[in-house]
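These are the structures, in structure tokens.
Below are two complexes that have chain A in common, paired first with chain B and then with chain C.
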Partner chain A sequence: MVALVFIIVLMVGLGFFFKFQMGSVQEKAETTCLLSNTVMLSSITSMPEIQCSVNGNREDCIDTSKLLVFDPSRVYQEFFNANCDQKVYFVELYPEVTNGTCTQGTYPDCNYYYFFETNADYTSKVIISTPVSLYYPLDESYKFGKLVIEVLQ
Partner chain B sequence: MKKGQTEIIGFMVIILLLFFGLVFYFRFANSADSDLTGEAELNLEVSNLLNVIKKQTICEDETLGDAIEACVGDGFACDEKACDIVEREVSEIVALNGWEEDEYMFYIGEELYSPNTCTGNTLADDYTVGGMSVRLLICY
Partner chain C sequence: MQSKKAQMSSSFNYIFAIIIGGIIFMFFVGFAYKFMGFGESIGAAGLVTSMNDEFAAFSASDSAEKTLSFNKETSFRVYEAKVISEGQSKQIDHIVYAPFLIEGRDIFISTKALELPYRVGNVFYVDDGSTLYILVYDSVSDEVVGDLVSSYNSIPTNLPTYSVDVKDINTNVQDLVGASNGYDNVRFIFFTKYDTVLSTIQSNFGAYEILYVTSSENDYSSGYVVFPDGSQVAYLTYPLLIGAMVSGDAYMYSYNYDLVMEKVSRVSNVYLEKSKLLATRLPNCEYTLIKSALGSYMSILGNDGYSSYVTNIENIEEENKKLGGDCPEVY
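Let's turn to the complex of A and B:
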């Protein structure tokens, strides 16, 4: 009788334990994913393929003419898909905003620069962003924009 | 029930309590990590926003960084009083970044160029121009 009660209580206990463990592992995975994407906010702005440079010296800004032609999915596919799926883009906010996706035909009268996107199913998303200075070499101006990462979950 | 059986049940209860205690401990230990992520993101945001402010073009061949430098010497930028431009443009950029007026402070030296002061925990970034420190702080 005692052994039966012991086994039942132990099974209930183990049930609760594994439920908490599963929740904890899932939470940990989401935190790791968010953390890696926060690091990604910093590393994307430092990518030499899109960063501004004057006479070989790097500057803290994003060259929009480089952004227009660079396709990160050809070089950085593994870098982006290492921990979780995401959608990455740059958006210009100030001073003048002409809504629209930037292509070679619409540039510079546009404000949305698609950067990377995975075709994944998701139920929710967490948006993280950081301010960036967008450089327009045609008129040598700097405009306020944001690098946005939509973390798909 | 024999005395030995009662002791076994008591021992079992103690083990289960330890079990649940550990599960709760690990749950709370995990939640501290997510705060650290938020703070790291905010730190990066302050640093990048100050860089954006410094670089922003305000008129032909002049940046907000030039206006801040002119403001230190009480000068002009884009045919306007430099300090007026700084106050206006900084608040515009910060608002577009999603910060409220009572969430940040912008200083040139000891002079405040934002609408309000704020209290609480702060994160800041700064640079020096013309011997003056230019600081952007966020309260959270």
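Let's turn to the complex of A and C:
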């Protein structure tokens, strides 16, 4: 009888222990995910596929013509989905232009450059962003924008 | 009769208690082992994730170095674009050159931007400081090795290097032996023939390897590296030469070389598409030649050797330079 009570108490105790342990691991995973995405903010802006390059020298801006022709979902699936799901896009903020997604047809009269998106179910999201300079090679102008990462949880 | 029965019952209780106690004890021992394994897996997963983040943060620089210090001995491998530690492995979207095994409390990482001719990304080097890289030159390769040891193109300073004239090996071998004290391995990188000094090396060094670099270019900016097993691999630009220097073997180098080619193809395709977009939107500008140069370059990716790459890269550079003013350059 004593052994039975001892085993039951032990099982309940272990149940609680595992629950807290799993909670702690999940919390750690979410923190890691957020940290990785914060690092990603700087690494995306330095991707050669979208970063500006003038006279062979890289510049700290995003070439919007490259954003139009490069589709990262085909080649960067692993890079973006390494720790968690996210949605990545660029928005032109100033000077304000017609709202709308940029495609070869609407460019440059648009302000939303879709970059990467996963079709994942999520209950909440954390939005992080960084200001960027958007370069328009057609008239060699620069506009103010931001890179946004929505971390889906 | 009663006393005998009570005696048996008491013995049975002891046996029962020992069995139950043993089961509970084994359960706890098993649990402790599983928990230790779980803790190690979490630690290893943390290590590979933090390594991946370090590479990602580093990719913004043209050239950077960093030492990662751990509070205990750490060992991991970087193999086929995966960081592998304690049975945990994680795919990384970075080109990382490393020896077979990296172990120690201090791990040295460094990066160089790769331009072929435009920037296609960064390559990374991981090392634990246990190997001394000895660069051997002659009168022809003297300047190249000088550049590799101390210039913008140089080998990262956190990789232990030493340079020596091939003429001095036979006469001053003790200096070389002294320089290699404290290192587990020595890797000689010959930018000249080594037949005349091979016996001196064999008799003075225990753990050593020889890599042989050949090139028809005066500045050795592209060429071939021959690994100790006789495998010959091509390299384009100094960052890839440094990659071959650090790589465990020819296979590890070649795997990353293929990744470099994939990156070149991806970035070249972006520039090709961009040049098509510019040609459509700016009909007064001439983009035909650069489109053709980019197309030709993409068609030779994956070819053996390096001379066709050098020719195509020069062609793209030339066509891009012709643009400018009202007709923006492609890169």
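Rule of thumb we're sticking to: the second predicted complex is superposed on the first by the 137 of 153 C-alpha atoms of A that agree within 3 Å, B and C clash if a C-alpha of one lies under 4 Å from a C-alpha of the other, contacts with A are read in each partner's own complex, and residues count from 1 in each chain.
Note that in this section contacts are C-beta pairs under 8 Å (C-beta built on N, C-alpha and C of every residue); 3 or more make two chains touch, one makes a residue touch a chain.
Keep in mind it's a predicted model, so treat the numbers as computed, not measured.
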Have a look at chain B and chain C on chain A after the superposition and call it: clash or fit.
fit
Of the partners chain B and chain C, which touch A:Lys66 in the superposed model: first, second, both, neither?
second
Which partner does A:Phe79 reach: the first (chain B), the second (chain C), both, or neither?
second
Touching partner for A:Leu93 - first (chain B), second (chain C), both, neither:
first
With both complexes overlaid on chain A, does A:Met22 touch chain B (first), chain C (second), both or neither?
neither
Partner chain in contact with A:Leu35 - chain B first, chain C second, else both or neither
both
Looking at the overlay, what does A:Ile8 touch: chain B (first), chain C (second), both, or neither?
neither
Return first, second, both or neither, reflecting whether A:Tyr142 touches chain B, chain C, both chains, or no partner chain.
first
A:Ser133 contacts which: chain B (first), chain C (second), both, neither?
first
Shortest CA-CA distance in Å separating chain B from chain C in the superposed model
11
Both chain B and chain C touch chain A at residues 10, 28, 35, 42, 45, 140
State the interface residues of chain B toward chain A in the complex, per the touch definition above.
1, 5, 8-9, 12, 16, 19-20, 23, 26-27, 30, 33-34, 37, 40-41, 44-45, 48-49, 51-52, 55-57, 61, 63, 92-93, 96-97
In the complex formed with chain C, which residues of chain A make contact?
3, 7, 10, 14, 25, 28, 32, 35-36, 39-40, 42-43, 45-51, 53-56, 58, 63, 65-66, 68-70, 75-76, 78-79, 82-83, 104, 137-138, 140
Touching residues (chain side chain C, partner chain A) in the complex:
20, 24, 31, 42, 46, 49, 52-53, 56-57, 59-60, 62, 90-91, 93, 115, 117-121, 263, 266-267, 270, 273-274, 277-278, 281-282, 317, 320, 324, 328-329, 331
List of chain A residues in touch with chain B within their complex:
2, 5-6, 9-10, 13, 16-17, 20-21, 24, 27-28, 31, 34-35, 38, 41-42, 45, 60-61, 93-94, 128, 130-133, 140-144, 146
